[in-house]
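Some structures are shown below for you to check.
Here come two complexes built around chain A, the first alongside chain B, the second alongside chain C.
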Partner chain A sequence: MDLIKKLQNIPMPVINLIMIASIAIPLVIPLGLPIKIDPMTRAAYNTIQNMPEGSVVIFDYGMTASYIIEMGPACNSMTAQMFEKDFKILFFSGDAQGPVFAENEISPIAEEFKKTYGVDWVILGFAPGGEVAITAILADIKNVFSEDFYGTPIDNLPLMEVVQNHEQIDLAIYTGGGGDRLPAWVRQANTAYGTTVIFIPAGGMIAYATPYYPNQAAGIVGSLRGSAEYELLTRRPGAAISGMDSLSLSFLYLMFLVILCNISVIISFIKGGKK
Partner chain B sequence: MSLIIKRNIPMIITFILGLFMTFVYFFEVPSSITNIENTFNGWATIIGALVAGIGIIVLLRYNIRRIQRRRGDWIYSIITVVSIFIFPVISLVYGMKSSTFNLWFTILNRNLGVAVYGIVLFALTGGVYRAFRVRNINSFLLILSCFLVMLQIAPIGEAIWSGFPSIGNWMLEIPNTGAFRGLMIASVFGTLAVAFRTLIGYERGYLGGLGEEEK
Partner chain C sequence: MIINWVEILGVFFGMAILSFSFKDNPIYKFVESLYLGSAAGYVLIMNLNRAYTEGFLSLSKDPLLLIPILLGIMMYARLFKQISWVSRYPLAFLTALGIGVSTRTLIETDVLKQISSSALPLIVFNQGSFDIIKTFSNLIIIISVSTVVSYFLYSREQKGILKTSTNIGLSFMMIGFGTAVATSLLSRVSKTIGLLQTLIIVPSGIYMVPIMIVILILSVFPEKIGLKKKSQ
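The block that comes next holds the complex of A and B.
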């Protein structure tokens, strides 16, 4: 019983240090565990692969500092896949930070694929107003954005001469942690106009997004695991794949902590006595 | 200000606009009417931007008052006020495309934001170690389902036993989807009820500064 009491009263610094070690060690000494592709991730990948070259995509880039590690790799891999197929991509965000992250993350990929800003991709900017902004953008982009993120008049961008509203948009992608925004895209894009929708939700939103698959959402690439799977599918290994081993060890450690927390309950259950 | 202006006119506007937007969403209408709908949507986006601005003003007011009165952790209020002005000043002086703006954004927003998000891990670890106790069958089932979903997400789950991903996927696709769809349908009915009550004037919370008698 002394041992059980000691195990249930380990100092928090020790607990936290072991957690840090379980995350840091696999980054230096990878375990190399295989990653199986989830059907929802594969569906998202196949949806984009099966679309014709030159398709137009509107990307709701709701990225913040909290989500960039989790969903950033998936967004980057998906953008690379779309650039490879000469898709035209319009980025905007319902979060004020989104366009800045889009600039930082997408510019290197655009350079890699020799894509021209204004012709192949555009960052429209920040559109407040939640679902109403999505409605307004899909109805008439110029009604919401008179200039792009850099202050260039929309009429001066060659891509915006071709894309005016939902009729020219073939695919809508949403990434972010906003619970309200997922059903908003379903209502305003998929239900209203039949536009194909793909989600890249945060970990806590996967359970919320799954009910929309496969009828409303063509694919869901959830959290860091989805990002790792997408990096595998697009053959662009990066931060997400390298983080999977850390995820494995840290999850195992969390489960071990739960068992440790309940060790007295487990022992009394085994002995069949009172708690 | 008379009740007609404070209460009746806003309610009439709400009724007419609510009915109009609902009608346009569900029925095929001429493009002239769709253009009116687009105009209203554009106005709503502008109002959204104004609301964001009002939020910043309220935040500034609160923190400046705390600094003036030296109340509580007023040092952090100084940091908040300075932080609100850093990026507008940098973008006005150097421009948003400048390397200076990018550097400050990376240091202050991105790196600090990721670090703060990472600290949540330690709070989670402490909470798991101290509070995740099985007290009854419900808490046991909760912890069991957490384990199964974690073993589905982490590649080590499949390395331990090939059945874990299937069980985790089943949990996401069947009980979770069923429960969430039920929740969504229930919440939609609730939203419809509130929307209908708002349209006919029974819900007046959005009118704001009216007294109980005036409502």
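The block that comes next holds the complex of A and C.
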């Protein structure tokens, strides 16, 4: 009984310290655990791979400081894959922080693939308004953005002479943690115009994105795990792959905690303790 | 060695956030407030900039923009008690617009296509041979969809077969909620991995240990250092 009481009263700092250690140790001493690629991630990769060269993509880059670690690697790998296939990419964001992160993360990749800003890719900027903004952008981009993120008039960008609305857009990608934006993209891009949609959601949003796969969303690259899988598929190993050992070990620890909690509750219940 | 103050500040802020794992403390609260304040300020400026460039500056090209600008200004009426009722009009307009835009494809997206997606073959053959995994997977989808839907049948008393069905549906829902919680945990752990990766990888990571010791002392004994008043 004493042991059960002790288990039920482990101090929170001890639990947290072990959690931090289970994350930090594999970062210093990699365990090399295997990474299995999820069919949803592979579907996203294959969708892009099977699209013709020069396809036009609208990328809703809902990245914030808290999401960049989780989905940043997947976005970078996907952007590199698209640049390799000469895709034209239009970045915008429904989150105010998004364009800044797009500038920081995408510029080096564009340089690596020798892509010209304004010709091969643009950052349109911040578009508040949720689903209404998505609808407006797909109907007429110039109606929503008169200038890009850097203040250049949109008419001066060669790419924007070609791309005006949904008719020229072949693929829509959404990344972020906004639960309302996932169905919004399916409703406004896929259902309304038949545009292919791919999601790179935050961990908490994977469960909400899954019902749309595979008929309404062509692929889902979820959280850090999806990022690692995508890095593996595109052969661009980075931060996500190196974090997978930590993820596995910390989840083993979490599973251990859940089992421990349940065992102690069941034993105390059997022995006539309070629920 | 060149000291990179940006990295050191990053290490300090990262460690300050992690210090909450041990105890709520003034250093954590300071860093949290700093983040919230800077993020709120940034969002405010971005919104104002957007309203200025896409609204006021474009007014000469499109005079109709005056309507959303006026509606936007009316929103701020809620700051003044006497005329706060004025803000209800733009709010009503925004709500109606949102509902209208989403409803045009709502039935097709979230009802018809979801139903057609769950209408699956009960026995699956793959290249001439029986695919047990896919068959089982389809069976689970069909049973879970029908039993979960039965849980929301409120027009009949839940007894007999309906009771069994709703119980099965409830179990499937619990599994679904469990999955949502697990994926949320995935998100939280991923953020910690990223933070620790930054702390370990950056050249200024060598400052991590002394900064960690300082923050730990400050966070565990805030009263002794004078960061917090002693409780009476």
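In this section, the second predicted complex is superposed on the first by the 264 of 275 C-alpha atoms of A that agree within 3 Å, B and C clash if a C-alpha of one lies under 4 Å from a C-alpha of the other, contacts with A are read in each partner's own complex, and residues count from 1 in each chain.
Note that a residue touches a chain if its C-beta (ideal position, glycine included) is under 8 Å from a C-beta of that chain, and two chains touch if they have at least 3 such contacts.
As the structure is a computational prediction, the values presented were derived from the model and not from experiment.
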Contacts of A:N16 with chain B and chain C, given as first, second, both or neither: both
Which of chain B and chain C A:G243 touches, first, second, both or neither: second
Partner chain(s) touched by A:V162 [first = chain B, second = chain C, both, neither]: neither
First, second, both or neither for A:I267, with chain B first and chain C second: neither
Partner chain(s) touched by A:P183 [first = chain B, second = chain C, both, neither]: both
Contacts of A:D38 with chain B and chain C, given as first, second, both or neither: first
Chain B versus chain C as contact partner of A:I4, first or second or both or neither: neither
First (chain B), second (chain C), both or neither touched by A:V119: neither
Touched partner set for A:S146, first chain B, second chain C, both or neither: second
Chain B and chain C contact sites that coincide on chain A, given as residue numbers: 12, 16, 19, 65-66, 68-69, 96-97, 127-128, 130, 132, 135, 144, 183, 192, 206-208, 211, 223, 225, 247, 250-251, 254
Footprint of chain C on chain A - complex, ascending: 12-13, 16-17, 19-20, 23-24, 27-28, 65-66, 68-70, 96-97, 125-128, 130-132, 135, 144-147, 151, 177, 183-184, 186-188, 190-192, 202-208, 211, 215-216, 222-225, 239, 242-243, 246-247, 250-251, 254
Footprint of chain A on chain B - complex, ascending: 25, 34, 37-39, 41-42, 44-45, 47-49, 51-52, 96-97, 102, 105-106, 109-114, 116-117, 121-122, 124-126, 128-134, 143, 146-147, 150-151, 153-159, 165, 169, 172-173, 176-177, 180-181, 184
Complex contacts: residues of chain C adjacent to chain A: 18, 21-23, 35, 39, 42-43, 46-47, 50, 53-54, 57-58, 97-98, 101-102, 104-106, 108-110, 113-114, 116-117, 176, 179-180, 183-197, 200
Interfacial residue positions of chain A with respect to chain B in the complex: 10, 12, 15-16, 19, 31, 33-36, 38-39, 64-66, 68-69, 96-97, 100-101, 104, 127-130, 132-133, 135-136, 139-140, 143-144, 149-150, 183, 192, 206-208, 210-211, 223, 225, 244-245, 247-252, 254-255, 257-258, 260-262, 265
